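Data block below; observations after.
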Amino acid sequence: MSKPLTTALAQFTAATAGRNMTKAAYVAVTAGVLSMVLLTDRRADEAHKWVSGLLWTCLAYFVFEWLVRLRHMARQGRLSLYVSSSAGLVDAIGALSVPVALLLGAEPRTAWLLSVLWVLKVVPGIPGLRQLRRVLVLESGPLLSVLVIFLMVVFLASVAEYFLERDVQPQTFGSVPAALWWAVVTLTTTGYGDAVPVTPLGRLVAAAVMISGLGVFGLWTGILATGFAAETRRDNFLRTWEAVSKVPFFAALGPSAIADVTHMLRTMELPARTLVIRKGAQGDCMYFIAAGEVEVDLPGKKVQLGEGAFFGEMALLGNNMRGANVSTTKVSRLLVLDLVDFRVLMARHPDLAETIDAEAKRRALENR
Amino acid sequence: MSKPLTTALAQFTAATAGRNMTKAAYVAVTAGVLSMVLLTDRRADEAHKWVSGLLWTCLAYFVFEWLVRLRHMARQGRLSLYVSSSAGLVDAIGALSVPVALLLGAEPRTAWLLSVLWVLKVVPGIPGLRQLRRVLVLESGPLLSVLVIFLMVVFLASVAEYFLERDVQPQTFGSVPAALWWAVVTLTTTGYGDAVPVTPLGRLVAAAVMISGLGVFGLWTGILATGFAAETRRDNFLRTWEAVSKVPFFAALGPSAIADVTHMLRTMELPARTLVIRKGAQGDCMYFIAAGEVEVDLPGKKVQLGEGAFFGEMALLGNNMRGANVSTTKVSRLLVLDLVDFRVLMARHPDLAETIDAEAKRRALENR
Amino acid sequence: MSKPLTTALAQFTAATAGRNMTKAAYVAVTAGVLSMVLLTDRRADEAHKWVSGLLWTCLAYFVFEWLVRLRHMARQGRLSLYVSSSAGLVDAIGALSVPVALLLGAEPRTAWLLSVLWVLKVVPGIPGLRQLRRVLVLESGPLLSVLVIFLMVVFLASVAEYFLERDVQPQTFGSVPAALWWAVVTLTTTGYGDAVPVTPLGRLVAAAVMISGLGVFGLWTGILATGFAAETRRDNFLRTWEAVSKVPFFAALGPSAIADVTHMLRTMELPARTLVIRKGAQGDCMYFIAAGEVEVDLPGKKVQLGEGAFFGEMALLGNNMRGANVSTTKVSRLLVLDLVDFRVLMARHPDLAETIDAEAKRRALENR
Amino acid sequence: MSKPLTTALAQFTAATAGRNMTKAAYVAVTAGVLSMVLLTDRRADEAHKWVSGLLWTCLAYFVFEWLVRLRHMARQGRLSLYVSSSAGLVDAIGALSVPVALLLGAEPRTAWLLSVLWVLKVVPGIPGLRQLRRVLVLESGPLLSVLVIFLMVVFLASVAEYFLERDVQPQTFGSVPAALWWAVVTLTTTGYGDAVPVTPLGRLVAAAVMISGLGVFGLWTGILATGFAAETRRDNFLRTWEAVSKVPFFAALGPSAIADVTHMLRTMELPARTLVIRKGAQGDCMYFIAAGEVEVDLPGKKVQLGEGAFFGEMALLGNNMRGANVSTTKVSRLLVLDLVDFRVLMARHPDLAETIDAEAKRRALENR
């Protein structure tokens, strides 16, 4: 193999080993799952050969990925940890399920269905998943209660409906399992219409079940909304706290005031070369640079602002129209202070107000 | 053309150029879209000619509007900005899509279908849209997570259902795309009933999907409710702050107290000649005039109150029944202070309480 | 007519004139509407005569009610106010709609259908309606935005679906109005299944519409939940404030502390002879009597407590088990203080804690 | 009977009498209800004998349970209290309903259907039920309003739909009761599709009903979410307050500060031998031991921490990675302090910060 190819392969291998999801993995998951879907469609039979090839390629990639990670972990002495971790399990399932099914003599079309398990690889990459999981864990008590209530309504209603409808519709309500199917379809307000009560009493029971369905739904949503509100506040505080303590502007504040300020700020992660402020737009917030760098595009010159600097304060000091384009030059983390909170902050900490005011005046003079 | 007609046209042109949506535009959008709907209904064939005429008129208006705006923007040197803006794009689509389709040889009935795009013109006029968009942007992380979870459930469930049902119902579950359709219809709890699992295992999977549907729904709603609550507080604060700082009554307060007061007030924009207070009604709030003018209809005389004045304070000082009709004489912006907040405010700022009390006594004496 | 009968009639007339809904009116509405429902059922034809008689009786009652109110209002010189008020309109509609329909020659079965309008009489009696209406009014901006978005999605989707499905299913998607029906049924996630897209592209559009349906739903709910939370806080404060200021126990507190206390209390309206505390139950709140009277059922004697007194404080001072039955002797308004808030209150206002403690000790000694 | 068997029976009897739900009861409910479901399925006819036997066993257990409890309560002189309590009623129904039905001559298959009532026994064991019930009681006013609005829409819509559709579809809209069925199915957005309006006006009414359905749903959810948020805060405070006051670490704080701290902590009940902290994991909270004991697995030695001690504080003092495994040795109640709240707490009560800091340093030295 030629040198550059070897190097590229080495880089690719390193990237695969180190991170959970590379871009290649996303492409492979998408292409693989879509190919599997196509493979089951009789209308796409003529493309069968190509689709099949694509599937084998994806599988090869996942096997390669798994082996690379196994070697990488073995070298670091974390092999058993990796194999028993959920990521390791998902990797193993992705690499082995289809080959094992083929070896066990499953029909190829059926064996390839297992490639749908590749979507599980996406899970760790979902941005807000940790937050969602925390909500589900913290609220598991009430959520479980609602589930038990759901099941009780389902059982009671399906026995009642079976009793009332079995003679009239032996086909659809001829046993309690059949009535259970009706109850779930109704209580979730899905309502396929394949099983519908026809006797007056049966319909009364069904109406009660539907209205209970709204109630169950409402409780469920209420619980999740409550948990989510608390979690959002907590998550935002955690992410912002780190950043605030690194901005010299806030360093003079005592710890109590910093907690105060943290509640008001919002962090924003931006890639390089992103426009933060568009000249002429309406402005209602200012920015502090927690990490990275931005470039202010003033007439005739470009000014760089680094970590700890702030910009956009003019919009909060009376001049609503943004005066210049500002864009990031590196990956940056900005802290956003809304007009609302700016005013509250200024009222509580007048010294900060003065610092910002002074800097704004200095800049105005300089750019005259 | 006669003079008055020219003037009217000039006024109309100016109005069209300057604002996003004139009343004429609303009429044209409504009439145009309804005509297009009618045009496709075979039962309305005899009215075809009139409907067609109406459509051409609407189209002519939109072309005219677009040209006027192009000229207006060109004169102001903002042509390229306008053309690349979303408003400019919508205007261009509204003016050009139908003619282009006709020129390309599309059947007229089909070409006119494109006039449904005229509804996009309404977007900038939707009152709370900016607020909704901010919520969607700020909560995009969790919302995206839920969407990814939604898609994962859809894919896993449809492959499972395809495997379980394909032999029994080759018509409806004969391929994964068909099963995907079932999964989306079920997970959103829409439940058309065109594809329904019949095997016991298939129904178990379906029940799990329906209950997940409730969960997805609940998460989604919870996220949006949380975001919306934060956004509403923020939006109300912003709108009220401006107004509060213009009311001399609050000028004596320090900035911290103003922030406090702002949280308690609610702005209300009223057209001229609107009844604010009806004599004899129950009252539980008082009003400050941030802009505009109101007229108090006292027995025997009418009193005008201008910017900075307040009224309706009697209701909060023990007399629940409103004593006189009050209506706006101009477009006005009022700040509403609820009884609840009035009491909290009076407790925290006793000096304000005295001012209001003194003024109330003065008025009572005067009107004796 | 004999004397007692005349008196009873006079009393009945007075009650009818003075209040919005008497018990007789509730009975008449329920009986009337149910009779109307029965009248349309062919299976109930043999009971026709009785049902018809009941309907005429209800109608007679509503006509009588309307005439009594008209006379009452005319005597008080408020006739025109009453006639143009919503209550007056509902009364007039209830009394006149059926007779007018019969006079105009409508078939009796059809004319009686109008008696469903009697349910409108229930509206003013709905307990939380004022609160709901305030939420809808205050949040009308965002709710309207969501409605406009809903309509836009409906129009765009139905034109797209009409274009994609009209050739395959001319019966169900043969015109845009038909497709509009499909779009509404789908976007609300009702999903009757009478119109279902079958082309792959049509199904993609439908899937997007269903997911948008979840989004619309979530926004709607989020807005209402936000508004409702604010309104509940406000409403509770208003009702409690009145009561708190009448309890001498809190009189010593300054206005700021009263506002504080008001946020912690909850009012409870109880009819006479209601058990408030059951002996031996777990207790986690104490009560203040804002109006009315309660009776404590101590061993050997019964103690009455009047306005301004408190009870149930033992549960908050360490003894979790309720020591005696307590029931109201009159219609009473109690203020409930939860354990949570009791502790916060005691921490902030130690003097209140001492008063309660001293009284509790005095009672314990007395009852030894 | 041999001695050990008698002892086992006595223990079993004592357990049955004393608690609401023993493990045996859970098994019996599950087995009984599933058997009843199976019994109605014709496909399971060959297993009939076994299923029947299982049902008789479950019934025998519930009769035994009921008798044991009756005796137990009679001995304690609380027989009448137990019989009239909801738990007593459920026990009686569970023990008597099936035998009574069989005695009254009901067909066995039908009589056994009553065994579905056994699921009611699970109710008291549902963890968050008390919380849910409080929400429903406190918000009963608004929830009832929404229910009345729901019923009004149902009645008005079904009469309108009956009037519009009766001639076209006499089968499905031939009477108001039939139209009522349609209205409930539509307003809950269930949409079976067994009754679908076909006239243009009928469809307009139906569209309005569906959109109202979203509104009703939104209101319902909004009310429940609001109530639930308040209840969660209250419930957590109550549970935590008890625990906080038992931790000597917080004893030095005044009552106001304790209320403050209580709002920040979260209680966690853990069984024995549960891993609380995994070495190497990311940490963002610390723990106080309110009851029980934990074991810290340091290299070379194991350290026990008892009631009142705290651990995991390193994660909040700069070192994100957990340094050792920590697991419970007994059933324990821990108080969790999140990083967010830790910082706020430290800012407000610097003395606590010093105590934690000093202890952390002492531990670090000791374990060097």
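Letters A, B, C and D name the chains as they come in the text, with residue numbers starting at 1 for each one.
By our rule, a residue touches a chain if its C-beta (ideal position, glycine included) is under 8 Å from a C-beta of that chain, and two chains touch if they have at least 3 such contacts.
If you want to know which protein each chain is, UniProt gives these names: A, B, C, D = Cyclic nucleotide-gated ion channel.
Bear in mind that the values here come from a model prediction, so they are computed numbers and not experimental data.
Between the chain pairs A-B and A-C, more C-beta pairs are in contact across A-B. For the copy pair chain C and chain D, the superposing rotation over Cα atoms measures out at 90 degrees to the nearest 5. A separation of 28 Å divides the Cα centre of chain A from that of chain B. Centres computed as Cα averages put chain A at a distance of 39 Å from chain C.
Annotation for chain A: residues touching 2 or more other chains are 177, 189-193, 217, 221-223, 225-226, 229.
The touching residues of chain A, when paired with chain C in their complex, are 189-193, 221-222, 225. Considering their complex, residues 33, 36-37, 40-42, 110, 113, 116-117, 119-120, 122-123, 126-129, 131-132, 135, 150, 177, 181, 184-185, 188-194, 216-217, 220-221, 223-229, 232, 266, 284, 338-340, 343-344, 346-348 of chain C touch chain D. Put simply, chain B touches chain A in their complex at residues 138, 141-142, 144-146, 148-149, 151-152, 155-156, 159, 162-163, 174-177, 180, 186, 189-193, 196, 200, 203, 207, 210-211, 213-215, 217-219, 221-223, 225-226, 229, 234, 237-238, 241, 254-256, 258-259.
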